Every structure is written in structure tokens, then in C-alpha cells.
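Note that the chains take the letters A, B, C, D, E and F in the order they are written out, and that residue 1 is the start of every chain.
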Amino acid sequence: MRKAVFPGSFDPITKGHENIVRRASLLFDHVTIAIGSNSTKKSMFSLDQRRAWLVDVFSDLPNVDVDDYEGLTIDYCKKVGASFLLRGVRNGGDFEYERTIAQMTKYMAPHLETVILFTDPEYAAINSTIVREILRNQGDVSQFIPDRIPVSELTR
Amino acid sequence: MRKAVFPGSFDPITKGHENIVRRASLLFDHVTIAIGSNSTKKSMFSLDQRRAWLVDVFSDLPNVDVDDYEGLTIDYCKKVGASFLLRGVRNGGDFEYERTIAQMTKYMAPHLETVILFTDPEYAAINSTIVREILRNQGDVSQFIPDRIPVSELTR
Amino acid sequence: MRKAVFPGSFDPITKGHENIVRRASLLFDHVTIAIGSNSTKKSMFSLDQRRAWLVDVFSDLPNVDVDDYEGLTIDYCKKVGASFLLRGVRNGGDFEYERTIAQMTKYMAPHLETVILFTDPEYAAINSTIVREILRNQGDVSQFIPDRIPVSELTR
Amino acid sequence: MRKAVFPGSFDPITKGHENIVRRASLLFDHVTIAIGSNSTKKSMFSLDQRRAWLVDVFSDLPNVDVDDYEGLTIDYCKKVGASFLLRGVRNGGDFEYERTIAQMTKYMAPHLETVILFTDPEYAAINSTIVREILRNQGDVSQFIPDRIPVSELTR
Amino acid sequence: MRKAVFPGSFDPITKGHENIVRRASLLFDHVTIAIGSNSTKKSMFSLDQRRAWLVDVFSDLPNVDVDDYEGLTIDYCKKVGASFLLRGVRNGGDFEYERTIAQMTKYMAPHLETVILFTDPEYAAINSTIVREILRNQGDVSQFIPDRIPVSELTR
Amino acid sequence: MRKAVFPGSFDPITKGHENIVRRASLLFDHVTIAIGSNSTKKSMFSLDQRRAWLVDVFSDLPNVDVDDYEGLTIDYCKKVGASFLLRGVRNGGDFEYERTIAQMTKYMAPHLETVILFTDPEYAAINSTIVREILRNQGDVSQFIPDRIPVSELTR
């Protein structure tokens, strides 16, 4: 079985994340969305809230589930027996970063393969950092988050 | 009337900023330099000081004025009725960042057009972060700030 | 009067070109689309055909006209009295190229200002080279060329 | 069945190509290496020779086969019923090119998914153009081609 | 005498740093590795520890020594009479950053020449930030640090 | 003795080339400018003309000489006993290309070290291809070529 892990902080999930996971669900037998909880980086939304949104958005995809982890991503992949690490790439800046991470991964876990999908052009500009900035300034983010998530849940 | 906003923190203004604004003053009927005041990011120079320098440097250009704002840049542009967002691009790193911002802007404010000028080569390496680092270490920044600003004002 | 030249080979015009010109027509008083005819590079479509398509696509914009030229772009700009050179940038590869050209232009014609617009994301992947490759292989290019151009005209 | 096409000219096959295909054979149920024969671009090695080398190098992988095609890659993928287009990316230059191609593919064949693997670092500098240049100058290319190919076959 | 300074935080030294210094020791008459101690950025390892590791790793190279400094790198270079600033570049992201720094250096110290070596491909993905992240999560970093440093010293 | 080779086609020499060689003459004991004569690529200026210009421009530098070669650059370096390959890098596009070449060089000639200098910002936009294009269109290239070369020699 070809099992992939899609790690991230999903703070909050965007249409870009949704786009990558839906397409990846056709490529892999199983995709686990893994929310990395990093004790030093403070998130805008609670782990429970982020997990609830992810579960809701992908409730129609039987081969996608949601989990969270602490520590190194490669250790988590080993623990759940995943052979593939899924990453979305939007632009040249992302690319350099992902290549560095992929090569470090290769050294530390030679059998864990990094697989890249390009974010579709209409979602390539969306990133969680800007979404949070807009939210902090009471702007409208409805175009950037999955349709299933009511905007009211992000702003209350 | 073609009105543009040139947003930034100008902490402090550099010759690179001056170069972009002088050239843009020929392209637009009016350019407003808008100092973004972000409550979470601490500046080296006070808002009043930054505004005073900008006003002084562009006092010879009748179609340039200086303002400040809080919140999202697109909201400020709407408030002052500007149709153009002016940005200077120095290098490939700037480019990827500006393209992402420009696309998010497009989604949120379809009628606000981002216009890019390349910083002239002799100013392309100058950035405020490095200028501040030099100031913190008592280095000489006179080559990097507009001629009208006495260096003594930056170091007192 | 703020007059801009938008140079290119337009072999053939794409939706990306159309996107840039329509947006630029709001920024400048006048935009001249200038077809560069380079004797050493063979085009797929005749100069007359390319000009006819451009005239047709922009017939609704009173401040846009179409011309052609031989020789250096900066010499053409001087001849028609344009102060602005308009360029569209799609991605990081375009960016490095355009910056080099803009800097050479600056040296040779200091008063000719290069103005950059980002191609909107939905058109950023379209380029004439790939359109020609698809045409050569009897593929369908209707999504990539302006709606006013009947695809039959490209394939007959 | 998850079927992928890996298109290229393989003129000649390098260790970089071999690296991508071996890793991809674990991700897909089937990988077809498709030699694009482009009538306008002259190859150094005959189609028969290139096919023979590819067949030989991957003879130990039961789910990899070799084919050739003319025309558009997306038309070939449709013909053989492949849902995935496999590409290797070595560096930032490759990246921008592949993203453009992937987006055009998305427009023309929405159900054909482009999947990217990073070439492993030790092979990331190898490209067929430089290998041909070395061969033309009687240099030693043995480090750059798969171990199964006797160098003598490339230089006779 | 051609004297170079190789500045950095070396928190901790990696095989990438070692690779650059060993190669540079053949190019320059003398290389000083200069640990920049920046009061605002907290390091994982003490200055004494970092210095001890560097001294140990390069104890076989008679023309390499280790020092530390506060303030601007260019001021340190002047103080020790170095005419060359040595930098390693791994990827496109590094490149843009180094070019900006090199140009600012040129303005402030015209006779101080920045010399770039490419990190060898097998070390190009290694960076201290990721090494520290792995250490924080009890991962194994032995592949990324010089062979002379016992891993136990990093994790105790 | 630290001996470097600076390879190129110099068709014609630009101020960018001159900038790199003058700075490199302080770093190396000897610099050989090596004109690569490639039988398949037609040059605008004859080998004799290009050599004469280079000799003239650097006649004041006792440790710089001019030579030409056919075949691979690494073979030429071995022949003349050079341990360093000197390259100038202007922008991100140059960078990716140079890194690829440097890595292939590393594989084929492990003891030949590639050393990179950044072209100074005022020359970073100058390239021979554009200079030739300007010459073909009777434009003025005097700003782009070394002061010692009379423009009349380029246009006769």
C-alpha cells in the first residue's frame, strides 16, 4: 500500500492545501494529513480547531485521514509506516526550501520519498501567513479557505 | 486622475525608495507614500521621524504626499481612492514575494492594479534592514540614505 | 501625455498579451503595441496576419493602436515619442530577463522608463512558443488565444 | 492502476534519468518511458540506439517499459491511458520550466496530473546537453551514464 | 599575503562549512574563521564550544585560524587586514542574499573583495538551522557534522 | 603559484569582463583569459580581433595573459597547469548555469576549483549577446565596452 504523509501547520487550512490533498488522494492509496505541533511557534487557531476543519473538509475522501505529531516529520512517517512525503510547491521560493528539506530527508531516511505536486495556478498565491494577516485586520478571507468552512468560524 | 499608493515602513527611507518615488512621480498624477504602522513590529525610528524625513526628501515634488495607516494596504487604497499600488523590485527574492502579494491583492481588490518599477542597479542592494544593522554598529550609512537627510539625524 | 510602447513578436497574440494591454490601457494615456520584425527570426504567422489580429482584439480600446518596427526597441520608442516601455512578467525566469533588458535600456535611454505588470495568474503559464508547438501538432489552442480570434484562423 | 509516462529525448540516458525512474517505479503501478521524437531537433544517437539503452538499463524493473511517440505529450498520455506525467526537477531553472509546462498541461488535459521528484543531489548537475558536449570533445562520460551502458558504445 | 575572513555563526559547524574552508585554504595564504557574536540572536551552543570545535576540525591546516568578533564584518576585516571575504553558496536562495551583502560591502569597503565558492553537491542541503531542529528533537545529526566531532558532544 | 583560467568567447569583450579580470588579478598569481573557439557557434568578431582587444585592454596587468583553445575547458586547464577556474556571476540566471557547470567540472576534474566573483552592480546588466544585437542595429555600445577600445573598431 502506498501511504503518504502531508505535513503542515494548517493554521488555518487554505484552498491551496485542499487542492493538493484532493489531487494526491488519486495518486496514493492513503494520505495522512499530519498537523505538526511545534511548541515554540504559537498558532492562531488551536490544534483542536485546525483538526476539526481538516476532518470536515475531507470527510468525503475515504482514503484521507487527519493526525497530529510532535518532533521530526521523518520520525512520524516511520511511526505510521508511510513511504512518501507529500509536498505542494507554489513558486520559486517554495521550491528552494522544499529541495533543501527533501535532501536532508534523503540523508536521514533514504527510503522516504518526497513527492511534489504544483499547486494549481488559481491557488498558487494563497498562503496561511497572509490569510492570518488579513484576519487580524478584519479582512475577508472567504476566497482563500475551503468552501465547507464558514468564514464566521474564523473570525469569531 | 491616476493615483498611486507606495506603501512601506521606511525605517528609514533609503536612496532605493527615493529612486522609485521620483521615477513614479512621472508615471502617475499623484503618489501617496503610505507608512504602514504595524503594532506588532517595532521600528527603529518613530513614525513622526520617518514621516518628517519623507516629507523633506520629496518637498520638491508637488504630486507626492506622505501619509500613514494601520490595517490592510488594500483597505487604505480604497479609503484614499487609489487605483494603483506601486512597488519597487530589486532582485529575484523581492520578485517572488511581490508576485504573491500582487495576486492576493488581485483576489481581494480586483480593480487595484499593482505596478512594478525595477530599482535602478546602483540602488538595488540597499535595504533598510541592512541600514539598521549598520547603524546599530555605528557604521557609516551616508551612501544609502537620501542626500537631503543629514547622517547626524540617524545616529543621534 | 503618458505614452507607452508594448513591444513583442505576438506570434500569435495570446490571452496573456491581451490581459496586459487591457490593464495597461487604464494606466497610460496611450499604448502602442509594436510588433518587432526581426529579419533573422522566422515567424509562424505573417506580419500582416499578426497585425490584423491585434487590431481586431483591441478595436474596443480607443487609446490602443498597433504598429511594427525594425531595429532597436529604444530607437522606436524615441521615434514615436514614448516615455514608457511596458512589459508583462509571468515568472522568475521572465523576471531576470526583463531586469537585464531594463537596465541596458536605462543606460542607453535614461528617460525611457520600463514599467512592469504581473500577468494575472490564470494567464501566467501561457506563452507563444508553446502555443506554436501545440498548433504544429494539431492541438487545440482555443483556451490560450483571445476570444475574438476564431481558432480556425490559426489552423487553416 | 496508476500509470505514469516519463517523457524525454534521452539523448543519451544519464544517471539522473535512471535515478528518477527507479524511484518512480515504487510510486506508480506502471511507468512508461516515452522517447519523444521531434522531427525538427536532430539527436546525437538514433532512436533505436536510445531505446535499446533504456530497455537494457531497466530490464530488472518489471513495471517499466519503453516506447516512443511523435506529437504532443498529452496526446500520447491519453492514447496509452496514463493519468500521471512524471518529471524530474534538478534546480531552479528546471523548476520554472516544469511549472509552466505543468500549467499548460492542466488547461489542456485537466485529468492528467504532473508529479515531480527531485533528482538526488549527486545526480542533479548531470544533463544530456553537457554529456553530448563532452562526447564531442572525446571526454570521459562514464560517471554520468548508467553503469550498465559500456562507454565504448557511446564513443564508437 | 592574500588573507581571507570566513564569517558565520557556526552554531554548530557543519560538513558544509568544513568543505568550504578546506577548499579555500588552497586558494588563500591565510583563512580566518570568524565567529560573529550577535548579542540579539541567541545561539544553541556557547561561543567557547563553537570555537573549540572549529579549532579541532581545522587543526591539520596550518594556514587556518579561528577568531570571534562583534559588530560589522567589514570592520573586523579591516582590523585584521584581510582583503577577501569568503562565502559559500549552496542554492539560489543563498545566492540572492549573498549578492545583496556583497554589493553593500562593495559600497562600504571598496577594497574588500567577496569571493564565492559553491558548496559541493553532497553538502549543499546541510544547514545549521535544520541541524539544530534535528538536535532539539533528539534526531541523529552525525552525517551533517565533521567526522572529528563526536556526536555525543552535541547532545549531552 | 595560484593560476586561474577565465574562459569565454569575448565576442566582444565588455566592461563586465574587464571588471572581473581586474579584480581577479589581485586574487590569483596569474590569470589566463582563454578564448574558447567553438567550431559550431559562429562569432561576430574574428578570433584574432577578439584576442587583440583582450591583449590591449589588459596590457597594464603583468600577471594576465590571453590564449585560445578548442575542446573542453577542463582539458585546457590541465594542459596549462591551472588549479582554478574563474567565473563571473551577474544574476540568478547565471547562477544556476554556473553551479551546474561547476558541479560537472568537480566530477571530471576534482582538483580544479571553480571560484566565483559577483560582477559589480554597475556592470551586471551588460552581456555580449545584447551588445551584438545593438551593434547589428547601429546602436551606440560605447558605455558597454572597455574605454581602451575605440567604438569605431567595433562598427567598421
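The definition used in the following text is that a contact is a pair of C-beta atoms (placed from the backbone, for glycine too) under 8 Å apart; a residue touches a chain by one contact, two chains touch by 3 or more.
Keep in mind it's a predicted model, so treat the numbers as computed, not measured.
Peer 1: Could you name all chains that are in contact with chain A and with chain B at the same time?
Peer 2: Looking at chain B and chain A together, the chains touching each of them are C, E.
Peer 1: Would you identify the chain whose Cα-based centre sits farthest away from the centre of chain F?
Peer 2: Centroid comparison gives A as the farthest chain from chain F.
Peer 1: Among the chains, which is located farthest from chain B on the basis of C-alpha centroids?
Peer 2: Result for max centroid distance from chain B is chain D.
Peer 1: I'd like to know which pair from A-B, D-E or A-D copies the E-F interface, where a copy means over half of the contact pairs are the same by residue number.
Peer 2: A-D
Peer 1: Under the over-half criterion for shared residue numbers, do copies chain A and chain E use the same patch or different patches to meet?
Peer 2: Since fewer than half of the residue numbers are used by both chains, the interface counts as different.
Peer 1: Averaging over Cα atoms per chain, report the distance between chain A and chain C in Å.
Peer 2: For chain A versus chain C, the centre distance works out to 38 Å.
Peer 1: Could you grab the centroid distance between chain B and chain E? Build each centroid from C-alpha atoms only and quote it in angstrom.
Peer 2: 34
Peer 1: For chain B and chain C, let me know how many angstrom lie between their CA-based centres, rounded off.
Peer 2: 30
Peer 1: For chain D, which residues are shared contacts with two or more other chains?
Peer 2: Residues 91-93, 96, 99, 102-103, 106, 121, 124-125 of chain D each touch two or more of the other chains.
Peer 1: For each chain, which other chains does it touch, given as pairs?
Peer 2: Pairwise, the chains that meet the contact rule are A-B, A-C, A-D, A-E, B-C, B-E, B-F, C-D, C-F, D-E, D-F, E-F.
Peer 1: Provide the residue numbers of chain E that touch chain D in the complex, in ascending order.
Peer 2: 91-92, 121-122, 124-125
Peer 1: Once bound in the complex, which stretches of chain C touch chain B?
Peer 2: 2, 23, 26-27, 83-84, 89, 92, 95-96, 98-99, 102-103, 106, 113-118, 120-121
Peer 1: Residue numbers of chain B touching chain E in their complex, please.
Peer 2: 90-93, 124-127, 130, 133-134, 137-140, 143-144
Peer 1: Spell out the part of chain B that touches chain A in their complex, as residue ranges.
Peer 2: For chain B paired with chain A, touching residues are 71-72, 74-75, 92-93, 96-97, 99-104, 106-108.
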